[in-house]
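Each of the next two complexes has chain A plus one more chain, namely chain B in the first and chain C in the second.
Moving on, here comes the complex of A and B:
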């Protein structure tokens, strides 16, 4: 080893300028990534504060802070901020982060922009399970997240097993089967809705379109703990993602243990999606859009897990503010994000078509 | 410097339903360029993949320093054995430097950015492959030959003592083929690393190999120096090719002139 080190030391003395030149662009791109991440985080904070201040009645920031910290303010004010807006903000933030991170995980591992959980049936299947629990089994709200997570994991496993042919796993097969599963799940959900008592369906329908209006403080602790733990897990594993993107062979050669990493990362993505879906409903297209938009701004060659999560939160909180305040009628957040997602889906399909894949 | 020795013992390769090699025993000569040759489907690529743990061994052992590969933690192994797979996927929008930097993954300290040592290794690999001027270009915009040099740079940045290359010259123009093989041999000599690769071109293999292994139907038909392997009899047995073998007037390595193939039913000239 010494031998090699001596030689390379000589090399670096003459070559440190070259090293600098070779890494110049790399540094710039890294700086841009950091800047974009910072501004996205800033945008998330601003949107959180807007969610607390803006609504039917506008409360100024000092007023909001007084209510949050000192226990001041009138009863009406306290009700609006603590019971309506605060859980809405927290659930929107967590759901946005969850969908954004889960989408990026899936798109990276399956190496395809179409591979987000809301396209390949995982969100739909968890929704079906939740609707079944609420409308048919009349189970209490509190068990729904657990059942949603379980369904999500089972359905993912099913899609995965179906996409293995001759002992080899095929990414594109998984996406096609996932799209099929989504259609089946949606059909089943519609059937359940048609069978359920009419007075039950209104709230369920609103939840199904992806809405923050059902957010309550009771839902926050489970949601926060669940997604918080997974954010930590995913953050610890994040360095594996850029290497996994190089394909199975390179990833293995570089020392990624794919037999552990694939299940760990996919399961994290599924649990994040399912938990968030159980709370806010399947907010359309956030998982699908967050990663590509974030990567487009922060640089596609970077590890964009963090910007994707932040972008998810920006999309959810931003679309909710628009849906609640800027349009003639109030719309659930999923309607707005769905409007954004549809044209992008078409764009991606056209691009894939042009590539001839 | 610790010398790493790679040895195959009664290795069985293939896939669950299709066994390709039943029993391969082979010692890879250290610090040399070893080339695996053989006709399509003879199991050379599968053997290579099993040697660098991309495919699991179905039986027997791949022994690194007399210990089976499975006994090594994956990151530790990635600091000893590097590998360039066949036609790797090109991620979109990533620059050459950033891509080559991913070769430092096995050395990454937990949650730490690239170290000075990492940057040194990356720029050295980039210089060795003569792609300094492409450093800021996106890999998906490069030509096939340039791209292949980037992939090899990635594997070199890994700084392993053993390097596997699975058909590094496939789909490349002849000038690029020669260039890549020339650089690979130079690096092998300069750093004293062990190189094992699969090649298709017999003449280029003979020129750049120190040691050759000829495979047929999953087993080793012959092994030795190019002079020992490239004989008219071996070519007939391994490839079913009748050829004339001469000495290359420039490099003094064996050179073949294919005459014809034994196709049943057609009269060979």
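Moving on, here comes the complex of A and C:
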């Protein structure tokens, strides 16, 4: 009897120890997450300020603040900061956040680091739609995001339907089909470019490689409202994500309606991607990189939505600053981020290989 | 039906199509020429009128299309046989982007302007990229599965594409000459470019035909092949060389044209089995018909201008790629 009692006592003791350890670990991870989020947010703020101050001519922070708040400064200064740099900063910030969040949503729901919207053809398809609107239909800039969003949603649905064979859905297949869709979309974009007037092509090519140089104040309101609404929606749904990470069976058991939640989250991701693409062009690899880098720093297995979004903004603003100021010629931001994406993709392949997939 | 009979029937059908597409390619285009001018031209009654001149101008383009299509078809058949992978194709493997990068560097750093100079650069670029992509994809113990191969290819495309932009964007002259090369077209073909391509194609095709029986042995597995006195490494190396020479030379002159090498061997293998002695010559014929056909389609949908064959090919080829992916078993992805 005593023996048994002892054992039970021991059991509860080790049990409480384990629980304690779990709690401590969880607290530690939580603290790390908060710290990382804080520093990422700080980095975003610093990069925003750098975008406003650094350029062809350097303006000090007090000067920038005077222009922004009190309406002081010379005409040249006001033009540079308010007309050139401020919209560039806002568009870069919003695009980075959008791509980062969208990439994280896709990667989480499809449970594959490769399944980001820029790899599975959604960015390409929305680019094609945008090019079609701009070059052929000559639609005004404010309508383009709406059509891009619509195309993005339809193409995602198509890719999904195509990757279901014999009633079974496969993520690997979805990625391959996405790459096929990308080839069609790119062919169509090239076709449109070859039809277009000569003077339109230069600007379109720059836009296609993902650039913040076309940012103007007129584009900001539409962009801000669209992505703002979606950020709120995603923020409201964010508590479902860690549950989804546990797997379909667990999530259903814990009361998540997957049939509603998957489409809602994926659609949010598509809308964010499409809106940002319509404004800044498909900035290569940001959606694909932001989530994994953020998770790497903040710790895996928790809700890294916020760090991913912030990391997206860091990537876009940082790459833009590098492309505009540090290199012998000026490069659009997408060229720089594209160069970053490739080594990471190769790293993932190495890991896939190690797992023997 | 017996495979031999089926092959004979297929060969007859494809030859008829070949003749038809050749006719159509000479007859159709942005300037409409009535049919009787073609008859007059062939019978020798009229070789001097404007219409005859237009028709004669389309002859090198047709010949070039046939050669390029044949080269791409064979190149695809070889790559699929070597990698034992249904989605291996120059465009999927990122080989085209590799060739692009070398050509762009040649144009902007070495100030190369003639096709005879950048054919070598394109060959080097194509070869290096093919080896790189295949090497990355076969790392780790699962070998080069279709998924890994495609992703390694798109990784290479993204990286090399960014490099291409980095070299190209600061220099608008380079951008202009590159833009026309990049879409993939056989419209600019002349007898000169055909003569330039011919030696490469001859070497590549002869090598491919010589290698076909050995590749067949390789299909039995490396150990079995070695037991039968075939050195798998040498066979693979030479076949890969042939495939790269064929697609590199074509890419240098016509620009990147994808999906010919993906579709043709795949469809043929489904109908006629995987004997490469049959597959390689028929891939050449079918590739020639397919490329010429998409060039003609491009002339029709682009009227009064034309749409480049590379674009039409992607629009036809990518859906076929998707269909192939849907058919492959999930396990082997």
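We take it that the second predicted complex is superposed on the first by the 337 of 357 C-alpha atoms of A that agree within 3 Å, B and C clash if a C-alpha of one lies under 4 Å from a C-alpha of the other, contacts with A are read in each partner's own complex, and residues count from 1 in each chain.
Simple rule for what comes next: a residue touches a chain if its C-beta (ideal position, glycine included) is under 8 Å from a C-beta of that chain, and two chains touch if they have at least 3 such contacts.
Worth saying up front: this structure is predicted, and the values here are computed from it rather than measured.
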First, second, both or neither for A:257, with chain B first and chain C second: first
First, second, both or neither for A:222, with chain B first and chain C second: neither
Which of chain B and chain C A:157 touches, first, second, both or neither: neither
Which superposed partner A:329 touches (first chain B, second chain C, both, neither): second
Chain A residues touched - chain C or chain B, whichever exceeds: C
Which superposed partner A:246 touches (first chain B, second chain C, both, neither): first
Chain B/chain C common contact set on chain A: none
Complex contacts: residues of chain B adjacent to chain A: 1-2, 15-17, 49, 52-54, 74-79, 81-83, 85-86, 88-89, 91-95, 97-99, 101-103, 105-106, 108, 111, 119-120, 122-124, 126-127, 132, 135-136, 138, 154-155, 158, 191
Interface residues, chain A side, partner chain B - complex: 1-4, 8, 11-12, 15, 18-19, 21-26, 29, 111, 166-167, 236, 239, 242-243, 245-250, 252-257, 295, 299-302
Of chain A, residues touching chain C in the complex: 114, 119, 162-163, 165, 168, 170, 172-173, 175-177, 179-181, 183-184, 186-188, 190-191, 194-195, 201-202, 205, 209, 284-285, 328-329, 331-332, 335-336, 338-339, 341-343, 345-346, 348-350, 352-357
Residues of chain C touching chain A in the complex: 87, 91, 136-137, 139-142, 145-148, 150-152, 154-156, 158-159, 161-163, 165-166, 169-170, 172, 175, 179, 183, 258-259, 305, 307-308, 310-311, 313-315, 317-319, 321-322, 325-326, 330, 333
